[in-house]
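Each of the next two complexes has subunit A plus one more chain, namely subunit B in the first and subunit C in the second.
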Partner chain A sequence: MNWKKFFKNLKMEEQGCVPDETKREFLKIGLIITGVAAGGSLLNVVSVVAEGLATSEEVHKEYPYKPHYSMVFRVDRCIDCELCVEACNQTNNVPEYGWRTKILERVDTKAVDQQRQFMPILCNHCNNPPCVRACPTKATYKDKQTGIVKMASYKCIGCKTCMVACPYDARYFNEEKRAIDKCDFCWESRLSKGMKITACSEACPAGVRIFGDLSDPNSEVYKIVHQMGKAVWVLKPETGAKPNVFYTIG
Partner chain B sequence: MKRIIILASTLILGLSVLVLSEITEEGVKYQESEEAGGPEIVYTKPVKGVLFSHKLHVKELGLPCESCHTAIFEMEAFKSQRNPDFNMDSLYKGKYCGACHNGQTAFASNTKCATCHVGVKGLERLKKKAQAVEKK
Partner chain C sequence: MEKKNNPVAEGIISKEEFTQNWLQFLTEFLSGSKGFYILLILSGLIILISAMFGVNAMYVGYSHVYGIYREIPWGILISGYVFFVVTSTGLCIISSIGHVFGVKSLLPIAKRSVYLSVVTLLAGFMVIFFDVENPFRMAIWNALSPNPTSNIWWMGTLYGAYLVFMSIEFLLLLIAKYRYAMVAGLLGLISGIAAHSNLGAVFGMLHGREFWYGPYMPIYFIASAAASGCTAIIFFTYLGYRIRNERFDKPMELALQAVGKLWALLLAVLMFFVTWKVITGFAGAEGKVLAIREWLFGKYAINFWFFEVFLGLVAPFFLLLVSRFRNLNQMFVASLLAFIGIFFMRVDLVVIGQIVSHFFEYNVTDFPVILTYKPTLHEIMLIIGACALCVFSFLIGEKVFKGHHTEIH
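The block that comes next holds the complex of A and B.
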């Protein structure tokens, strides 16, 4: 046996060495992802052991915002009751054709035991937001204090470049506003009025959506993101967007 | 008079047995097949889209009717959904589905959520299925 070659192959098996294409092909197998509308780019379902472990050194660095708003999804608890979606739509006047958050579904009829998984998504309020870079009029911007990716609707020319740039399919064109609309962590409707959490996390009956200040060591989001017992991951880490929305199980 | 009432009620009962599918505010009910042992029931309260499958429990797992009826569930579909305590807390205390789904007889109610919870998406899908059954 050629041990040298053997070990070399072993190394190739590591997650970091698998080319993106292969990963994508792998994820396609047996997965049916529904609820992803046209407009943004498609959202990959990242497997638990995938590349996006968030408990890296990076998260321990000083947070650039105060409060540094963040959301953690305990994704296996999601039952697609969509009370979050209803609450969001009502709170933020989201029209029927639009969305600020949605629930993706994954069905695998060949899976062992449970064959269905739901996954909520919303704007990831990235630290390095591709949408902000793409906007030609600075209508979408990163709030200097809170890190929330906001919209200055009056500057939006409706070119939809941000929709294409967003890796998380978090934007839609609002016909009434004649501007792109998106999740702002309920800043306008709730947080700016003194409320502490978003409408969706308040409405969730299963404790899926945990919202808080990632820079506050006493917050629940801090405690989940900074532990090592359970995997915590982000979606599409390869885009380098540095999302502030995390996923975990339990 | 009494006879008429009895006649009428048997007629209604007879009809309700014949009904293959039903889509109401309360939820969706449809017959997967004659051998299924009962209808597929999709609850909508307290949250939308919770599936109970007679096909799985009776036909595939072979449970007899008496394991649930009528000590845990009455024969009428959606009757328990009208109770204010028809929720997860009651299940954890061993009521309703929790009588078996306790981690011993069957998987515990606080695990594998999306096995029974098919969600709004599942509810819409099964509505369509129920409509298709009705058309047959």
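The block that comes next holds the complex of A and C.
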């Protein structure tokens, strides 16, 4: 902990002492958080990344991982062709009874105009992953470098606590591996071999799945998340898991 | 050399005494009546059959024969595990009032309670053995790769210690070394309570699950364990005396009366707990409201109102009052009803926490808002098998240890 900074911030708690720059950054975040509503529910960005929404160099340094792998879904572009699911299944040997990524269908028959939307889901590689905290044997862990939530299958005792803990239904028991299986952003099958993006984002013909380094100002995910023009949100922010998978439109 | 190999037995009682004791147990066991052996064989057979179901499930794959699935990965086997270990911890808590904290009126129940707490814990372990996919890896990686933030890790480790302490305590009570037994009992109590509140926290610390999340679970688990302990003591002590065709002596009668009073108090405490769980639940987040509504007015309404509230709480409470804590027959009926109710409490506790779909707030067509779970024959047979294991061990215990009589000093 940076004590110097801590005490400095503490001193600045008094209203009159907040510098304009900080006020502006705070307002920016506030605008994005409160300005977004979809499907009747307020959707907001509350990942740790939210701290990084302002573009100042100082905040940028606080990304906990490097590269800080992340994915953004441009949901309105998804047509449910499921090429991503197919690519994932083939690349990662996902059995028929399981899935690492899935496309959900949202329907609102009372909505004006468009009444259907497809919503892809996968492991959110949370910064505060409930599954990692709950695992008794550290069979699932947060990679210290990349932030990817990985599996050490040989340690998995199959208690299924991580399945219950996950707010995103991202885990299943793989009988062949005798362990829980989940999305690892294609770390084992692709990224560790030098490839740059996941199989699903490569297979998507509509440019729905944008994969990249959230801490790199040149990456597309960075540009989408760090802007104010369009709404960006995460799923189930109330759990406090601080996911690294974002959703946007357009 | 021999002394080093067996320090406990050698240090506390002589070898001759030790052999004599075991011979006595054997002759006692062989002197049973016909009915005793029939019951014993019957429960043994049920254990065998359920073990076959368990082995079959292991061989075929749990997901093929159990009712659990991706969205509801914990079924009645977890409920069963909770049921048995709650009973075990409760037996430990209530009996410790006598033999650890020195309340003499509760001393007569000590030996049987400690013995049964070991038995019910083993029954719980049997159930969880057939629920965890890789039980053999558990022993290895629990030790080699511990996760101190995981409640499951703490629970498993502490229950392991608890089993050791309680077993040692029973052996010490058996050879009448009460001072040593008190120490073992205290260690057992501490590890048991720590383990059990961690079991509560396994549920209470899942921040993605609104129905469970919060400090309620670990606290409720301890209160609930104490109540279950009273239920088990009255139930098994009564049966023990009936099986051995003995009349209750005065100290035992007084002990059971004391347990009965304590139980009534704990039932009132549990009623209070359930009431506030429900009321606060209705004021909570939408996911929690959906779960509570399903529990009270949906598919689980019979479980809640009839089994949990009526059989588990209200009926035993009034039966206890009617019995004036003197009529042991009525108290036994109360404990029988409560046992059934408690099992349903555990089922609901585990299942209701998972029935609300992960994505209910997004109007998705892929999952219903409320998911369903139905236990299969394999799961039910394993629970029955664990119950049979308790009955089997209880019968042997009554016979071999001659009704667990305790001399009061």
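Keep this in mind: the second predicted complex is superposed on the first by the 189 of 250 C-alpha atoms of A that agree within 3 Å, B and C clash if a C-alpha of one lies under 4 Å from a C-alpha of the other, contacts with A are read in each partner's own complex, and residues count from 1 in each chain.
Note that in this section contacts are C-beta pairs under 8 Å (C-beta built on N, C-alpha and C of every residue); 3 or more make two chains touch, one makes a residue touch a chain.
Predicted, not measured: the structure shown is a model, and the values here were computed from it.
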Item to complete: State whether A:Val75 touches subunit B only (first), subunit C only (second), both chains, or neither.
Response: neither
Discussion item. So in the superposed three-chain picture, is A:Ile157 touching just subunit B, just subunit C, both, or none of them (first/second/both/neither)?
Written reply: second
Worksheet item: Given the touch rule stated above, what does A:Thr137 touch, subunit B (first), subunit C (second), both, or neither?
Response: second
Worksheet item: Which touches a greater number of subunit A residues, subunit B or subunit C?
Response: C
Worksheet item: Is A:Cys88 touching the first partner subunit B, the second partner subunit C, both, or neither of them?
Response: neither
Worksheet item: Which of the two partners, first being subunit B and second being subunit C, lies in contact with A:Tyr172: first, second, both, or neither?
Response: second
Item to complete: Answer with first, second, both or neither: which of subunit B and subunit C does A:Gln114 touch in the superposed model?
Response: first
Worksheet item: Counting only touches as set out at the top, which of subunit B and subunit C does A:Thr239 meet: first, second, both, neither?
Response: second
Item to complete: Tell me which partner A:Pro205 touches in the superposition: subunit B (first), subunit C (second), both or neither.
Response: first
Practice prompt. Could you look at A:Glu105 and tell me whether it touches subunit B, subunit C, both or neither (first, second, both, neither)?
Written response: both
Worksheet entry | Intersection of subunit A interface sets (partners subunit B, subunit C) | 105
Worksheet item: What residues on subunit A touch subunit B, complex-wise?
Response: 34-35, 76-83, 103, 105, 113-118, 205-206
Worksheet, complete the sentence: Within the complex, subunit A is touched by subunit B residues 46-49, 112-115, 117-122
Worksheet entry | Complex contact set, residues of subunit C against subunit A | 61, 63, 68, 70-71, 73-74, 131-135, 137-138, 141-142, 145-147, 149-153, 156, 202, 205-209, 285, 353-354, 358-359, 361-366
Discussion item. Using the touch definition from the top, list the residues of subunit A that touch subunit C in their complex.
Written reply: 39, 41, 97-98, 102, 104-108, 119, 121, 130, 133-139, 154-161, 163-169, 171-173, 175, 178-179, 235-236, 238-241
